[in-house]
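Take a look at these structures.
Shared between the two complexes below is chain A, which has chain B as its partner in the first and chain C in the second.
Take a look at the complex of A and B:
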C-alpha cells in the first residue's frame, strides 16, 4: 500500500456516467411505478380545473391571471415531485448506496436535477394543452415555452438541493415547501412577469429584465447547489 | 487494511466514540459486537466515509478519510440492514445501475457471475419489491461485491431474517470471506459471529473494551467472553 498506490481521484468520464446512470434509474423506476408522475399530474389538473370554475364568468380576469395560475400549478406540483423523488432514495437506504459510489457527490445532484426536471416538463407538456382548451388561450408560443423551461430549471435546481436537506428530517413533507418557496420567489416572480409579457404580446424589450433575471437566478442557484450539495448530504 | 487511531465522534454535545483504536489486517474477518448504543453503526459509517470523524485518524486500504473518500469508496463494499436497492427495478437493473455508478468494465458478465454467487440468477428479471427480505439481503450482498472490493463492511446483516434466510446468508458471507476480502461485521447474533469471524472485538461506551481471536476462545465461548468484557 505504500509508494505504489493508485491515484485517489475518480477516473475521468465517471462523472457523466454516474449522472446518466441516476437519470436512467429514476426514469426507469418512474415509468414502471408512475407513483410520482401520476400524483403531480392529477394535482396539476385539479388546480387548473378549480381555477377554471372559480374564474369562469370573467374572461378578461382569466386571461390576465393565466401566468400566475400556471406557475402556481407548476410550483405546487413540483413540490410534490421533489419530495417524493428524494423520499424514494431515503426510505430504502438508497441515498447511502448513492453516497457510497466513488464519484463526486455533485454527480448525484445533477442526476437528480435532470430526472426531476424531466418529470416536471412531462407534466407541463400535458398541462399546457389542457389549460389552452379550458381557458381558450394559445400557450404554444416559443418565447413562453422558453420561459417555462428556464423557470422549471431554476425551480428544480434549488428544489433538489432543499429536498435533499428536508428529506433527512421527520417533517420532510412540511419542511420542503417552507424552505423552498421563500428561496424560489425570485424565480417564480421573474417567470410570471416574463410569461405575462409573452401572453399579452408585449415587445420583448419591455420584459427583458425578468428574462435576464431568470437566467441569472438559474445560473446562481445551480452553482450554489453544486458547491454545497456535498455538505448537505454529509452526516 | 484498516487503521483507526484515537477516533472521536461527537453529535452536538453527545460523544459516541471516545478515542477508539482499531486495526484490521488484510483477510481478517472481524466481528464487532456490543450493546445497543455502543457506537457500532456510527463507527461503520465513518469507515464507509458516510460520516466524518470529529477527531482522529482513519485509514482504509491505504487511503485516509475523509480526504481520500472517493478512493476508499472504490475499494469498499457495504451491506446494512437496509437493502439499498430500488424496488421498482429488477435485480439485474439494480446491479447494472450500481455497476455504472462504480464504472465497472465488463459489467454484464459480472452481473451474471454475482447473481449466480448469491443464488438469484433465476430471478434476475423480477422486480426487487417482489423479493422476500432474505432474497433482498442476498442481492444487497451482490450489490456490495459487484465492484470486487478489498474491504467489506456488514452492519447487522441478519436483522429481520428468518432462520432459513439467515442460513442462506451465512453461506454467502462465507463465500465472500473465502475470497480473501477483509470483513468487518457488526451483529447481535453471537452464535453466527462465532461461526464466521476470526476475531471478535467488543465495543462498549465508544471504545474497544476487549478483543480476542478464534484461538483465544479455545477454553471459553464467545457469549462468556462477551459478558465478561461488558462486566469489566
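Take a look at the complex of A and C:
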C-alpha cells in the first residue's frame, strides 16, 4: 500500500465486499418477506399446470416437450422475479442509496445478478422435483443441472441489465418481457436443445455445440452488461 | 427554418429514377428463371432491401458505441434514423420473401434460421421503439436506446448462429452452395445486371430516406426546444 491515491484506486477487496453486501441485503430482505420467492414459485407451478392442459402431457408428448416446458416456465417466472427485484429498489428510493455508495457501480450489477440468480435457482430447484414427481421423469441429472445453471446465468445476466432500464420507464410493468425475450432467444434455444439431449440420453458430442454456445453467450453478455451498466443507472 | 439542402433534393430525384430503372430491370430486362418462373423476379428487391436493412442495423450498433463514448445526441439521432428506415426495409424483405416462398417452398413461412432471425430482429427493434416511447428525458432515452441497440445488435447474429444448428432450406445464391437448400439457382449475366443494380438502387434509396429522417430528427429537436422556450 502506497497510500498516495487513496480514493482513485480502491483496493480489490472492496469490490467483492460491495457485491456480497448487496447479495446479502437482497437475500435477507427476501428471507424476511418471501414476497418474490413465493410469487415466482406459485407462478411456475401454475405455468406447468397450464401447459399440462394446453399440451395434454401424456407419456409420448412429455418425452419431446419436457425441456421446452421447463424453459418456458423458467423464462416466465424469471421475468416476474427480475421485475420485482429492481422495482423494489426503485420504489423505495433504495437505488439512489446504492448509487451514492462509494463503490464501483458494476458491483451493484454483479450483486443484483447474483441475488437474482439465487432466487431463480431456488425456484428451479423446487420446480424440478415437483415436475419429476408429477410426470414420473427423472430430472436430477448432473448434465441437466449444469445446463440449467448456464442458461440461468445468461438469462439473469441480460435480464438484470434490462430490468434496470425498464423500471425507469413509464411502461415499466409490461416492458421487461418485451425487451428481454427477443434478446435471450439464443439462451432459450440452446438450453432447450442441450436439455433435450440430456433427457434423451444422447451422446454428449451431439449437443456439445449448444452448451458451448451457452457458455459463449454468458461470457459475451455479462461482459457487455458490465461495461454498459454505468450508463443505465447514471442520473 | 433551414431549407432543404440541394444535395438532398437531388438525391430524392435520383432515388426515384434508380427505383424506376431497377423495377424495369427486375421485371422486364432480366430473363425469366426456368424453374420458378416469374416469381423469381421478387429476388432482386428482396436482396436489395435485405442488404440495406442489415447495413442500417450494423450502423445502428456502431452508433450505440459512439454515443455511449461521446454522449453526443447527434449519434442518437443517427441511430434512430438508421433503425427506423432499416425496420421498414427489413419488413419489406420479409414480405417479399414470403411472396416468393409461397410458390417455391409451398408455404408463406417456415422456421428456417434466416426467417426466424429476421422475425426476431424485427421484434428486437420494435421493442427498441417501445423502450424509447416510455422515456421522456431525451438524454436518458438516448442512453437506454444505445444500450438496447447494442445488446440487440449482438444478440441477433448469435440467434442466427444458434438456429443454424438446425438445418436450413434457405437458398444461398451468393457464395457457397447448400445441398439441402430449395429454390436455389445460378444467375445469368442479365440477371446479374438486374441484381447489382437493385443493390445499388436500394442503397441510394436507403441513403436518401436516411438523410431525410436525420433531418426530420433535427427539426423535431428544434421544435422541442422552441416549445420549451415559449412555455418558459
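Just so it is clear, the second predicted complex is superposed on the first by the 218 of 235 C-alpha atoms of A that agree within 3 Å, B and C clash if a C-alpha of one lies under 4 Å from a C-alpha of the other, contacts with A are read in each partner's own complex, and residues count from 1 in each chain.
Convention: contacts are C-beta pairs under 8 Å (C-beta built on N, C-alpha and C of every residue); 3 or more make two chains touch, one makes a residue touch a chain.
A quick note: this is a predicted structure, and the numbers were derived from the prediction, not measured.
Of the two partner chains placed by the overlay, only chain C lies in contact with A:209; chain B stays clear of it. By the touch criterion stated above, A:171 is placed in contact with chain C alone, chain B being left untouched. Once the two complexes are overlaid on the shared chain, A:138 sits clear of chain B and of chain C alike. Of the two partner chains placed by superposition, only chain C is touched by A:190; chain B is not.
After overlaying the two complexes on the shared chain, residue contacts for A:179 are found with chain C alone; chain B is out of touch. The intersection of chain A residues touching chain B with those touching chain C, taken from the two complexes, comprises 234. Those residues of chain A that touch chain C in the shared complex are 158, 161-162, 165-166, 168-172, 175, 178-179, 181-186, 189-190, 193, 209-210, 213, 216-217, 220-221, 224-225, 228, 231-232, 234. Against chain A, the residues of chain C that register as touching in their complex are 68, 120, 123-124, 127, 130-131, 133-136, 140, 143-144, 146-148, 150-152, 154-155, 158-159, 161-163, 165. The residues of chain B lying in touch with chain A in their complex are 45, 48-52, 61-63, 68, 70-71, 73-74, 76, 78, 80, 82-89, 93, 97-98, 100-103, 127, 143. The touching residues of chain A, when paired with chain B in their complex, are 1-2, 5-11, 13-14, 17-18, 20-22, 24-25, 28-30, 32-33, 88, 92-94, 96-104, 234-235.
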